[in-house]
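The chains carry the letters A, B, C and D, assigned in the order they are written, with residues numbered from 1 in each.
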Amino acid sequence: MIGLHHYLVVSAVLFALGMFAIITRKNGVAILMGIELVLNAANLNFVAFSRYVWGGLTGQVFAIFVIMLAAAEAAVMLAIVIAVYDRFQSIDVDRVDSLKG
Amino acid sequence: MRPLVEWLQANVAALKGVPPDVLYLLLLLVGALIVINFVAISAMFFIWLERKVSAHIQNRYGPMLVGGWHGWAQSIADGIKLLQKEDIIPAGADRTLFRMAPFIVFVGSFAAFAALPFGAGLIVSDLNIGLFYILAVTSLVVVGILMAGWASNNKWALLGAMRAAAQIVSYEIPVGLTLLTVVIMAGSLSLVEISRLQEGIHPLFRVAAGGYVIGLPNWFVLQSPFTFVAFFLYFTASLAEVNRTPFDIPEAESELVAGYHTEYSGMRFSFFFLAEYADMFLVSAVAVMLFLGGWQGFAGPQFLLGTAAFILKAYLLVFVQMWVRWTLPRLRVDQLMDVCWKVLLPLAFVNLLGTGAWMLA
Amino acid sequence: MVTEFAGVLVFIIVGILFLAISLLLARLFRPHHPTPAKLSTYECGEQPVGQAWIRFNNRFYLIALVFIIFDVEIMFLYPWGAAFRELVAKNLGLYAFIDMVVFIGILLVGLAYVWRKGDLAWIKPQQRF
Amino acid sequence: MQIPAEAIVFYALTAITVLSGLVVVTSRKLVHSAFALVFAFSGLAGYYVLLSADFLAAAQVLIYVGGILILILFAVMLTHRIESLDIRSETLQLLPAIAGCGAIVVLMLLAVYRTPWAVKEPQVLTQTAQSIGSLFMTDYLLPFEVASVHLLIALVGAVIIAGKRGGQ
C-alpha cells in the first residue's frame, strides 16, 4: 500500500536533485531548472500532507499558489538571463560579476 | 466505464467470475483501440476530404482515380506509400529527440480523446475536470513541436517550430477564456454534465402547437448572447490552435518549406500529419460538446443516434475549417499576433465579464 | 473519481504502442540506403549554410512571457468559473463577480502596459511603397 | 484477485520522475535537460492524480509543461551560442555538492521515518475544481487577489528586463 512515506521520500530525492543542480550548474537556465525541481518537491509534500494528514483541499490550494509563484519567477528569471546574455554574451552566472568592487 | 463493468457482470453469465478490475482494464483497452482506429480512419477521411474540398473550391477535380468513386481510396494508397518510404534521420540531427518528437505530439493529442464523450455514456474517462484536462494535455503538443524543430538541425524547421509554438501558446489564451464562458453557465468542467445541460428545446425560442413543441435546441450557443459570441471567437482561435489558414504561418510553405516537420519522412512524418488532423477533429468536437449540444440532436435511442449526431456535427465543423482554409489568404505574422492579443483577447475578456453579469441578472 | 484517470493512462500507453508498432512495421517494408547527400539538411537543394541553431529575436520570448502570465490566470479562472453557479445560488454571486472583476482588471492593466509599450507588436515588414 | 494498481503506477511514476530528474541535473546538453523536464513534470502530475488532486494534476501539466517549460525552451534557444553547442556544464563543486545533497537526503529521510505522522484515513474528494474555486472566493480571497498583483508585477518587470533589445 502506498502511503505518506513514499511520497515524502520521492519529494526528498527530487529536492536533493534540484539542490544538486543549483550548486553545480553554472548556467542560469540550468539553475532555474533546479529551482523548479525544488519547488515541485515542495508541492508534492503539500499535496501528500493534504491528503494523508490535514485532509481537505488546503494543500492543493497552496500548491496552486506555488505553481503561480513558480511561473512568475521563471518569467522574471529567464528575462534576467536573456538580458544578461545580451549584455555579457554569456549566461554563466559566475562571469556576471561586474558589480563586484 | 465503471457502470458498464457492473452491468456486464450482472447480465453476462460468462463474465461473472472475472475480477472487476481486470474487466475494467480490458474495457479501457477496447475503448482505446476503438478510439485510435476512429481517429486514424477519420484522419484519413479528412485528408481525402481536404483534397476534394480544395479541388472543388479551386474548380478542379482532385483525386479521382484510386478506388473508383471520386478517388475514395486515395488516403489508403498514400498510407501504404508512406509505409514503404525510407526513414531518413539527417546526419546533423539530435537522434534521440528526433525519434521522440512524433511520440509526444501524437500522444499529446490522442490522450485528450480519453475525456471526450462520443455519445451518451460512451466515454472512456468521465473526468470531473474533463475540459480543463483536455486544455492541459493538448499543450504537450507544443513541446513536441519544439522538440521536432530543434532536433532536425534545420533552420526552417527550427524557425517553423518557434513560430508554431509562439502561435499555439498565444491562441491558447483566447481558447481558454472563451471556453470558460460555457463553464460559467454550466457550473461544471465535466463534458458529460455540460452536454446534459443542453437537452431539450430552448425555453424562449419555441412554439407550442397541438401538443407538439417545436423550437430551437437548447444549445449553449443559443442560451445567452455571450456564449453566441464566444462560439465564434472560439472557432476563430481554434483555427489558429491547429495551424489552419488563415493562421498557418508556421507552415507557410512559400516561406518556411514545411515548417517544423521539414526533415521528417515516411511514417514519422505521417504521425505529425495524423496528429494535426486528430487535433482538427478534437477542437471541433470540443466546440460541439460545449456550444452545439454535444450528442443531443436526434430523438430516439441516444446510444446510437446521439453518437451519430455528435460525429456529424463535429465533421461538419471540420468541413467548415477546410472551407475557411481554402477560401481565405494567410495572415502576416505581425497580423497574426495582433489578432490574438489585440482583438480576440480583449473580446474574450469582455465576453467573460458579460457572462458573469448575465448569470447574476 | 480518480480511477477514471486509468483510462488516460491506457490511452497514453496505447498511443505510444500504436506509434512504436507502426514504426516497427514500416521497418519491414522500407528501404534503407543512406547517402551523404540524402542525410544532409534540406535547404532548398543548396549546400546548408552555417548552423541551424541560430539565435532568435527576443519577440518570441516576450510573447511567451505574456502567455504564461495569462495561462496562470486561466488556471485561477477555471475553478472560479466552475464554482460561480454554485456561488450565485448561495447569494454570493455579486461578491464573487466583483472579486473576479478586480482580479481580471489588475491583469488587464498589465496587458494594457505591454500593449502601450509596443511589445505585443511583432516585427512589421518594411513598407516599400 | 486485486491488482495492486496504485503501487504499480506509483513505482512506474517514481522511475520516470527520478530518472528524468537525474537527466535534468546531469545532462551535458542544456536542451536535453529541458526536454527531460517534460517527463519529470508529467510524473509529478501523475502523483497528484494518485493523491486525488485531479485539478492540480491538470494545472501542473498546463502551467509547467505547457507554460514554464516552453518559456525555458525559448530562453535556451534565445541564449544559445553557436560555437558552444554543449553549454558549459562543468561540475566544479561536484564532491561537495554530492556530499551536501546526500546529507540533505539522509536528514530528510530520518525526519520522514522518525516523525510519528498523524496519518488520517484519506477523504474522498469530489468536485475538486468547484471546491477550490469556492475556497478562492472565501478563505483564500486575499492570496487570490494578491496573486493577480504578483502576476502583474512579474509581467511588467520581466517585460522591462527582457524587452530592451527590441526588434532589429
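Just so we're on the same page, a residue touches a chain if its C-beta (ideal position, glycine included) is under 8 Å from a C-beta of that chain, and two chains touch if they have at least 3 such contacts.
These numbers were taken from a predicted model, which means no experiment stands behind them.
In this assembly, B is the chain whose CA centroid lies farthest from the centroid of chain A. Counting C-beta pairs in contact across A-C and across C-D gives the higher total for C-D. In this view the innermost chain, defined by its CA centroid being closest to the centroid of all protein CA atoms, is C.
If each chain is reduced to the centroid of its CA atoms, chain A and chain C end up 21 Å from each other.
Mean C-alpha positions place chain B and chain C at a centre distance of 15 Å.
Each chain gets a centre from the mean of its Cα atoms; for chain A and chain D, those two points are 7 Å apart. Contacts with at least two other chains are made by residues 1, 5-6, 51, 53-54, 56, 58, 60-61, 64-69, 71-72, 74-76, 78, 81-84, 86, 104, 122-123 of chain C.
With touch defined as above, residues shared between interfaces to two or more other chains in chain D number as follows: 5, 50, 52, 54-55, 59, 62-63, 66-68, 70-71, 74-75, 77-78, 126, 128-132, 136, 147, 151, 154-155, 158-159, 162, 165. Among the residues of chain B, those in touch with two or more other chains are 25, 127-128, 132-133, 135, 137, 150, 158, 162, 165, 169, 172, 187-189.
Chain pairs that touch one another are A-C, A-D, B-C, B-D, C-D. Chain C meets chain B in the complex at residues 1, 3-8, 10-12, 14-16, 18-19, 22-23, 25-27, 29-34, 36, 38-44, 48, 51-54, 56, 60, 63-64, 66-67, 70-71, 74, 77-78, 81-86, 88, 93-94, 97, 100-101, 104, 108, 111, 115, 120-125. On chain D, the positions that touch chain C within their shared complex are 5, 9, 49-50, 52, 54-55, 57, 59, 62-63, 66-68, 70-71, 74-75, 77-78, 80, 82, 85, 126, 129-134, 136-137, 141, 144-145, 147-149, 151-152, 154-156, 158-159, 162-163, 165-167.
Residues 1-10, 12-21, 23-27, 29-30, 32-34, 36-37, 40, 43-44, 47-48, 50-53, 55-57, 60-61, 63-65, 67-76, 78-83, 85-86, 89, 91-92 of chain A are the ones touching chain D in the complex. By the touch criterion stated above, chain A contacts chain C in their complex at residues 64, 67-68, 71-72, 74-75, 78-79, 82. The residues of chain C lying in touch with chain A in their complex are 58, 61, 65, 68-69, 71-72, 75-76.
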